[in-house]
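We just call them A, B, C and D in the order they show up, numbering each chain from 1.
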Amino acid sequence: MIIVLKPQATEADANEILEKIASLGLKPLYMPGVERTVLGALGDERVLRQLHLDSYPMVDEIKPVLSPYKLVSRELQAHDSIVSIGGTKVGGGNFTVIAGPCSVESEQQLFSVAEMIKSHGVPLLRGGAYKPRTSPYSFQGLGEDGLKLLKAAKAQYQLPTVSEIIDPVDAELMAEYIDCYQIGARNMQNFRLLEAVGKQKIPVLLKRGMSATIEELLLAAEYIINAGNPNVILCERGIRTFETATRNTLDLNAVAYLKEKTHLPVLVDPSHGTGVKSLINPLSRAAAAVGADGIIVEAHLNPKEALSDGHQALTADDFAKLMADIKPFVNAAGKTMK
Amino acid sequence: MIIVLKPQATEADANEILEKIASLGLKPLYMPGVERTVLGALGDERVLRQLHLDSYPMVDEIKPVLSPYKLVSRELQAHDSIVSIGGTKVGGGNFTVIAGPCSVESEQQLFSVAEMIKSHGVPLLRGGAYKPRTSPYSFQGLGEDGLKLLKAAKAQYQLPTVSEIIDPVDAELMAEYIDCYQIGARNMQNFRLLEAVGKQKIPVLLKRGMSATIEELLLAAEYIINAGNPNVILCERGIRTFETATRNTLDLNAVAYLKEKTHLPVLVDPSHGTGVKSLINPLSRAAAAVGADGIIVEAHLNPKEALSDGHQALTADDFAKLMADIKPFVNAAGKTMK
Amino acid sequence: MIIVLKPQATEADANEILEKIASLGLKPLYMPGVERTVLGALGDERVLRQLHLDSYPMVDEIKPVLSPYKLVSRELQAHDSIVSIGGTKVGGGNFTVIAGPCSVESEQQLFSVAEMIKSHGVPLLRGGAYKPRTSPYSFQGLGEDGLKLLKAAKAQYQLPTVSEIIDPVDAELMAEYIDCYQIGARNMQNFRLLEAVGKQKIPVLLKRGMSATIEELLLAAEYIINAGNPNVILCERGIRTFETATRNTLDLNAVAYLKEKTHLPVLVDPSHGTGVKSLINPLSRAAAAVGADGIIVEAHLNPKEALSDGHQALTADDFAKLMADIKPFVNAAGKTMK
Amino acid sequence: MIIVLKPQATEADANEILEKIASLGLKPLYMPGVERTVLGALGDERVLRQLHLDSYPMVDEIKPVLSPYKLVSRELQAHDSIVSIGGTKVGGGNFTVIAGPCSVESEQQLFSVAEMIKSHGVPLLRGGAYKPRTSPYSFQGLGEDGLKLLKAAKAQYQLPTVSEIIDPVDAELMAEYIDCYQIGARNMQNFRLLEAVGKQKIPVLLKRGMSATIEELLLAAEYIINAGNPNVILCERGIRTFETATRNTLDLNAVAYLKEKTHLPVLVDPSHGTGVKSLINPLSRAAAAVGADGIIVEAHLNPKEALSDGHQALTADDFAKLMADIKPFVNAAGKTMK
């Protein structure tokens, strides 16, 4: 950790901090410069955070040298983690497609989509039972009835399921019905929720918050793993920027960067990442090319009747085209389509 | 609601949509242009949302005419709402200062701050018992013990209290100890939490999410009011932008805009809004000038020992200076300092 | 064009505007709603802009139906434009790699890079002679001497060249030495510069501004074409967002969106788009997959000695790997590597 | 300067860099940590930039200790600079209002505005003769005829003038007609333009770019001063963020921060900073409160007929109200209204 002092800091100010550093068993360093004095602390600087050196009036800036996360880091584990969702492996050499409706609306709706995606070899079904909606007047999901339909669809089509959790209180109940939690963008820093799924055994698909930095996403994953559940899959789903032509800005830089920094699998959500149906196809190809471990997309046999996000739902024809179009890119990436 | 069709849309496509609009009891409008056909729907367009017209393949864009919120709108209630926190009125002609430590750490720490702010006539004490922290390795708050200290401080200094809620399960318990919930930026779209505080009676200080639009903030408030609790106070606390010199970008445009659009009181949090101690003073003055109903700031008698956010905590001297400095601006704004 | 009036607008206010619309030969529409009155104008709404209806006090919002650009639009020209840089075709079924140093530094430096890229079949050489630098204390480029070296390198290696223009006054001079202007991100809305290159014949590689919307990029291209030069190539080079792990956020959504909206070729600059050397390779693959017409990358045989942007310059080995790695993705996209 | 090496860096890698540092006359520091090795360089690190240490493959990150600007810094000059525009002092204890139309359109239009603002004691007239417009189809300004009108208005009303420059070639000509250049947001990093006005004597009002960091704004000012012209006034005019309710997000944090870091005067442009007429008044009050040295606003006696930006132009009544409303806040700030 590097500590830059203010121009007016005295040697006594420096000494006070150097002693604190030494008192924690780290090696202090004194670097008086022409214009500024800089201090250093060598050792595990995560210990140093308890000193809250940025609260010292003579401290101008703290520059950490080490990343604040550890369990998710490739420096801790160099090889790729492979996470199993109900027997389907995500990560490693696999390119996994997860598909289904935004919301579970009815047996007919869910089963028809499940059958359609199954026919393309898709191994995992997504569908929301609890829906976080910006407006209180929008459809909020079927709740436990939706979970029951997901379990029935799984039984019928042998498709393990992914569904969003929005309240810690639902964690145990949901684990009886589904195979993987999804934490949505708006809840990425709902720390109680992270801890709740961290105490369960089924995996967690953790979406990046709309304005979360990559580091914050990794720290959110660290919360889950630290609570006891190592089965975390990250998901880039677009960030919020000034651009309004697309609903969000899909950040594929983040995917490549994450693949360097963490051993966890990284998926891409091109449906929310673009918010524009015609862009889902090219961005799915790009996701495969950039090194993602799969995609999660929204599909609906009759988008006009969808209760949420119909504008970005792929029809059966759209979906068939998507699956055909991404194949050569998955091959070029040296991965196996699951 | 205005519906712009794609260039290739036919009259039959238009008619299908016009019939849907009419079927909901709204007046449909057909406007065939030279390059594009535009449709309209006159009436309460909130009803129209159930049609999900953006799911129609020939629809290029939907342009709503009305705002999606209603209960919070000045069009519904022209006069300012005044919200009472344990007897202290927020809104109307009052300029309210809420102060206290980021986290409740100990009786000594909390009481000393309470005494200090009380001596300046500050009417409300803030302090976190449950802390949402980016890293799982940071101090997470004292929990119920912290709430007990808040209640004791209130009894000792006649200071009603504000404290952050991070889990719906805590709503009832907290209402026994404190006078006002705070919903933090990371939970602004934690809809279960909004509903939980909406079912309680004590007021809610709702902070804007780091990347939430003003419209989303108003819809979050709408959730709380719609669930039964009209006592909502909004708080601008800085948004996330590309600028890194300050921790966040305090959006005072939003404060002035909110005062036009909603009858709810609007506070400003210059501590988080800047993240730089020396900027709290000038931005507090600006908050008074722009029309805010008050500020909420972090104070600590010994920031070097603070367990969180010490870098932006005001000392007793800083705080005395702040109170003196804002007074002429509160007067210029024609408000009464509380 | 749709005009939403304020709630308090009267019928007389509406009539004043409707008459203005009719006076320009457009068809006015009157749509009185329950809460708001909405007006419409059917016809070429570009004409309407001269009315500046947003200046009317009773106008709340203007919602244009048509895009403000025309010459660059696929609605005007459905087929892809192909732009020739010194005989090398960009666009259509081609995937074009443009490579070279950030700055031209010396004959030895430039020629060695040119020879290296030529050996990989790269058809176009880039290199900056005039450098826009954030700090006045940084290397500002060799100026005309740099242009001379570019011309000499072209003669030696049969590589047409691309170089940045930063002042309208240089347009004619540069056209004697190079084959394609580059307009950098900081100058995307330097309208005098756009007009200056619009009056020349050699093509223009127009980079998106750091915070320019896609619509603004298209309007900047419209400036050049409107001034007389139809040979414009667009380039996505990363936008500025809150994320700091990468220097910019490469917006591949924009590439797919642009390919839908405009007939102009679209390149990607993964060097500036990431600012991180190890991310150039995966993002180049993604660029090919998303439908870009090529990439422009920085290469230097000895990055440690580079006078600018050495941190993101590819060495000979890096470059060889990049060329090998993108090939299968270019093939998967059905394009021919140039 | 602090240099963080990659985990795999060897002692030899470190030594290569340490020798380079020493070769420039700076003191090198070697800090081998448990997980990472960190190097330091003590002395004027601006010299170090010529080493381009970020190009070294084993360098992970460079953390500068000193700011890259010098001439604009309060560390160089502690007292406020006062800049004179045609005899009117900007900065120090003055609060200066600059007002006038967005574009100069006609003698009648300009003179009527000049007369109106003069009657309120406003000392400086603004008006654009060369207009940078997003669309090539918009009004581009009257050019030299506009400058002549500005000179005539100055003679008639004793109002020194400010007008935007968009091309270096116009610098000399403009200096014959006007008293202060304005560099607009889109040209903040048009470095040739900065150098051109840096070679003239009349002052420069430099607006912050839409996505420019505060540091980049200061470096742009450094360009002008370094070229020979110390008479620079900075202007915050709103940055581009995700929020769309207002045209830009006025960053008053930046104003307070700039007042700490630089001795140059700092103005605020609430017209562009909000883009919403009704917000100009409260944000002007906030500008005075936060410590700005003045405001620059757009006024037009007949906004309905304005050729540009009429939606944000203040009428005579609006302007009278603005001047009355800001006065108590200017007084509270201890400044004298000019």
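In the analysis below, contacts are C-beta pairs under 8 Å (C-beta built on N, C-alpha and C of every residue); 3 or more make two chains touch, one makes a residue touch a chain.
None of the values given here were measured: they were computed from a predicted structure.
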item: Maximum centroid distance from subunit B, chain identifier (CA atoms); value: C
item: Chain pair with the higher count of C-beta pairs in contact (A-D, C-D); value: C-D
item: Whole-Å gap between the CA centroids of subunit C and subunit D; value: 26
item: Approximate Å spacing (C-alpha centroids) for the pair subunit B, subunit D; value: 31
item: Inter-chain centre distance, subunit A versus subunit D - centres from mean C-alpha coordinates, in Å; value: 39
item: Sites on subunit C at which at least two other chains make contact; value: 211, 240-242, 244
item: Subunit C - residues contacting subunit D, complex; value: 46, 49, 52, 54-57, 59, 68-69, 132-138, 166-169, 186-187, 189-192, 210-211, 216, 219, 222-223, 226-227, 240, 303-308, 310-311, 313
item: Complex interface listing, subunit B residues touching subunit D; value: 211, 213-215, 238-239, 241-246, 248-257, 259-260, 273-274, 276, 278-279, 282-283, 285-291, 328-329, 331-333
item: In the complex, subunit D residues that touch subunit A; value: 2, 4, 7, 29, 31-36, 38, 40, 42-44, 63, 65-66, 75, 211, 240-242, 244
